[in-house]
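What follows is a single structure, and I will ask about it in a moment.
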Amino acid sequence: MEKLSIKNQVCALAKHRTLKEAMMEISTNISNTVQAIDDRQVDQLVELLVNGLKSNRRIFVVGAGRSGLVVRAFAMRLMHLGFEVFVVGETITPAVTKKDILIAISGSGITKLVVESSRIAKKDVDATLVVITSYPDSPLAQLADLVVEIRGRTKITEQNDYIQRQIKGEHFPLTPLGTLFESTVLAFLDGLIAELMEKTGKGEKELKERHAIIE
Amino acid sequence: MEKLSIKNQVCALAKHRTLKEAMMEISTNISNTVQAIDDRQVDQLVELLVNGLKSNRRIFVVGAGRSGLVVRAFAMRLMHLGFEVFVVGETITPAVTKKDILIAISGSGITKLVVESSRIAKKDVDATLVVITSYPDSPLAQLADLVVEIRGRTKITEQNDYIQRQIKGEHFPLTPLGTLFESTVLAFLDGLIAELMEKTGKGEKELKERHAIIE
Amino acid sequence: MEKLSIKNQVCALAKHRTLKEAMMEISTNISNTVQAIDDRQVDQLVELLVNGLKSNRRIFVVGAGRSGLVVRAFAMRLMHLGFEVFVVGETITPAVTKKDILIAISGSGITKLVVESSRIAKKDVDATLVVITSYPDSPLAQLADLVVEIRGRTKITEQNDYIQRQIKGEHFPLTPLGTLFESTVLAFLDGLIAELMEKTGKGEKELKERHAIIE
Amino acid sequence: MEKLSIKNQVCALAKHRTLKEAMMEISTNISNTVQAIDDRQVDQLVELLVNGLKSNRRIFVVGAGRSGLVVRAFAMRLMHLGFEVFVVGETITPAVTKKDILIAISGSGITKLVVESSRIAKKDVDATLVVITSYPDSPLAQLADLVVEIRGRTKITEQNDYIQRQIKGEHFPLTPLGTLFESTVLAFLDGLIAELMEKTGKGEKELKERHAIIE
C-alpha cells in the first residue's frame, strides 16, 4: 500500500490542520516504533506470557493516569484471551505472590505510586516485574526483570517539534505531555495481543465469548 | 517526511511479524482517518467545546469497556485544559443538567448501558449529546445532537482482512473486535486536544499545572 | 428486645449533637434490622453462596452510587474468602454466564443501569439473580430469583423523623437519601461474611493471605 | 450510658446467630464510638470543612481497599452538599495545591500508597492534611495537620473477642480485619454530613438535586 508523505497529506487539508497533524504525528510514531522495536525484549515478553498462560501464572497490571488507562485496555484483552489478570487498585485484586507477573507502565519511569507498587511486588514478594517505559535507566526500570522500551516524545523530538513550530510561529506541541508514549504503547500492546492470539491459537470468536455482556 | 510502504517496512522484519503488522494496521487506520474526517462534524464539535469552555458548560463522558477507557483519557486532557468534566459512573459525578454536554463513545452504537445513559441525559434533561461511533444510523447515534463518525474495522476491511489472511493460510484478525475503532478514536481525540489548545491559547505548561501530582 | 431511646443516649452530649444522633440512628437501624431479618431469605442466600463456592460458581456484583461502593466492599471480602468475584463495570470483568450468580443492590429497586444490568444477566443468559433492596415489589426485585429485603428509611421512619425534628424546630433529616439503607446493607453483608467464614471454615489468617498487598 | 449486652440481645435468635452477632458488634461499635468521640477533633474538622466550603477550598480524598470505598461514599455526599471534591486515582482528579484539603483514611495508618500520597500532598505542596485512623501515632497520622481517631478493633477487643469465642469453642472473629473500623468510619462520616447539612443550611432537597441521575 502506497502512502503520501505526511506533508503532502495535510498540506491540502486547510481545515483542522492542527488536529490532523497531531493525528499524523501519532500515526507516524507508531510506525516508527515498529522499526525501533527491540526483538529480544519482545521475545522475552512473549515467552513469559505464553508460558505464563500455560502454567496459570496470574498477571497484575499497574499504571497511573493515562498510562493506567492504557494498561487496563491491555488487561481487558488479556482477560479475553483467557489470562487471569488483575488491575492494581481495583476492587477484587488479591495479594500478589512470587508466582505472579506484574506489568508496570510509566513513560518517565518515575511515577511515584507506580514505582512504590512495583517495589512492593519486587522487594516484598519477588514477583516477576515487567516495565514498559521510555527510560530504561529510570528508577522503575531498575527494579525490573524485563524492560520493554517504547519511545514517546524524546528530548530530540521535543526540540525538533519546538523548533519546527517556532519557525511556523507556533508554540503549542501537537502531542503534549505523555500523549505519544501512551498511544504508541496502546498500539504496541494491541500488536502483542495479535501475536499472543496466534501463538496460543485463540481466534476472535474465543475473545468475544469472554467479552463483558453487561455494558 | 518520506516513508516506506507498509509492505516494505514489514517484509524484512522476520521476527514478531504479526505484532508489527498489527501495529502498522493501527497506524494506517489512524492516517486513513485523517483523510476521511468530515470537517463539518469537527467544526461543530470544536465550536461546541470552545464555546462550552467560555460559558462554563460542563462535559460528561460515557463509554463501556475499552471505549470507556479511551473516553477517560480524553476527559483527563479536557480537565488539564481547564474544562469541568465528569466521567459517568465515577464517584463525584453530579446530576447532568440541560446546560451540560454528554460525549458518548460506542463503536457499534448499540452498547446497552451507554445507550441507556445517553437516553437519560437526552430524554430526561435534554442535555446536548455528542456521539462518536462507526455507525451513524445506530440507536445511540439517533439520540445525538451531533454525530462524529470514526471508522474502525468496517465490514469491508473485515472481509479484506479475512481474505488476505486466508490467502496466507491464517485465520486470526490482526486487530480483533473494536481495536481499530478504539485506537483511532484515541488518536482523534488527542488531535482534538491539540486543536483545542491552539484555539484556547493553552500551552503545555498550563496542562502540566493541572496534571495530577499524586500518582 | 428492650432498648434505650436514642434521645436518652445522646441527651447528655451537648456538642455535635446532630452528628451523634445521626450515628445513633445508623447504629439503631442496624440493630433493628437484626430483629427484622427474614431467616428464610438468608437461609437461601447462604446456601447459594456456600454451594457456589464448592462448585466454583462465579459471583458478579452490581450497584450504583453508594450502593455500588457497598457491594464492592462485599466483593472484596468474598475474594478474601476465596470466591471468584467480579464487579460489573470494572476492567477485567468477563461475560456473565448461566452458571454465574449476580448480586444487585438498590434501595429503591428502580436504579436504571442496575435494573438494565440485571435484566441482561437474567433475560439474556439466565444467570441466578439475587437482589438486595428495601422494595420487594420493585422492578429490580421482580427480576430476581432471590430477594433479600433490608429496610432503610421507610416512609414511616421518614414521617417520624420529620415530625420529631419539626417538634424540635429542625428540618434536616439525620440520614438523608439512601444513607440508612447503605450502612445497614454494609453491616448485613459483613455479618454474612462472618457466617460464610464459619460455614466454610476459613479464618482471618486465610482472609489476610488474599488481602491486596499493593495498596 | 447503660446498654443491653450483645449476648442478651441475640440469645433468642437461634438462626444465623453468627451473622446477627456480627451485625450487633458493628452496631455496638458505632454507638460506643459516639461516646468516645473527641469533640475538639470534630470541632476542628467541622470548622475546616464549613470554612472550606465558604472559601471554595477543594477537598481531595484518599484511601485503599475498603477504606477507599468508605472515603468515596463520603466524597459523594460532599459533592451532593456542593463541595468541589476529588478522589485520588480517579480520572478527572487535578493537581492538589497548597489551598486544598486532603482527607486520608487508614485504620492502621501504615497503608503504603496512602502514606505516600499524603506525603506528596503534605511535603511537596503543603496542602492541609486530615487523617482518620485508629492509630494517632502512626506514620500517616504524624504527617497530619489534624488527626481524627476512630477506634476499630483494638488489640483489647481483639483479645476479648478471641477469649470469648475460644470459651464458646469458636475461632472465627465476627468482624475480621478492618471491618469495625470501616463501618464505624462510614457512620461517623455520615454523621458529619448531617452536621454539615445543618451548619450550611442545606436540606435533603438540595442534596437530591446534585445526586447523579445517570445510574
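To keep things simple, chains are lettered A, B, C and D as they appear, and every chain counts its residues starting from 1.
Rule of thumb we're sticking to: a contact is a pair of C-beta atoms (placed from the backbone, for glycine too) under 8 Å apart; a residue touches a chain by one contact, two chains touch by 3 or more.
Since the model is a prediction, treat every value here as computed from it, not as a measurement.
Enquirer: Hey, how far apart are chain A and chain C in touch steps, shortest way?
Expert: Graph distance in the chain contact network comes out at 1.
Enquirer: In terms of residue numbering, is the interface formed by chain A and chain B classified as same (over half shared) or different (under half shared)?
Expert: Interface between chain A and chain B is built from largely the same residues.
Enquirer: Out of C-D and B-D, which chain pair has the most contact pairs?
Expert: Most C-beta pairs in contact, of the two: C-D.
Enquirer: With chain centres defined as C-alpha means, what is the inter-centre distance between chain A and chain D in Å?
Expert: Going by mean C-alpha positions, chain A sits 36 Å from chain D.
Enquirer: Distance from the CA centroid of chain C to that of chain D, rounded to the nearest Å?
Expert: 18
Enquirer: Taking each chain's centre as the mean of its CA atoms, how far is chain B from chain D in angstrom?
Expert: A distance of 38 Å separates the two centres.
Enquirer: Give me the residue numbers in chain D that touch at least two other chains, ranges are fine.
Expert: 64, 69, 72, 76, 80, 89, 91, 112-113, 117, 120, 211-212, 214-215
Enquirer: Which of the residues in chain B end up touching chain A in this complex?
Expert: 1-3, 5-7, 9-10, 13, 15-16, 18-24, 26-28, 30-31, 33-35, 37, 39, 42-43, 46, 64-66, 69-70, 72-73, 76-77, 80, 111-114, 170-177, 179, 182-183, 186-188, 190-195, 197-198, 203-204, 207-208, 211-212, 214-215
Enquirer: For the complex, which residues does chain C have touching chain B?
Expert: Residues 64, 69, 89, 91, 112-113, 116-117, 120 of chain C touch chain B in their complex.
Enquirer: Any idea which chain D residues touch chain B in the complex?
Expert: The contact residues of chain D facing chain B are 60, 62, 72, 75-76, 79-80, 85-96, 117, 120-121, 124-125, 209-215.
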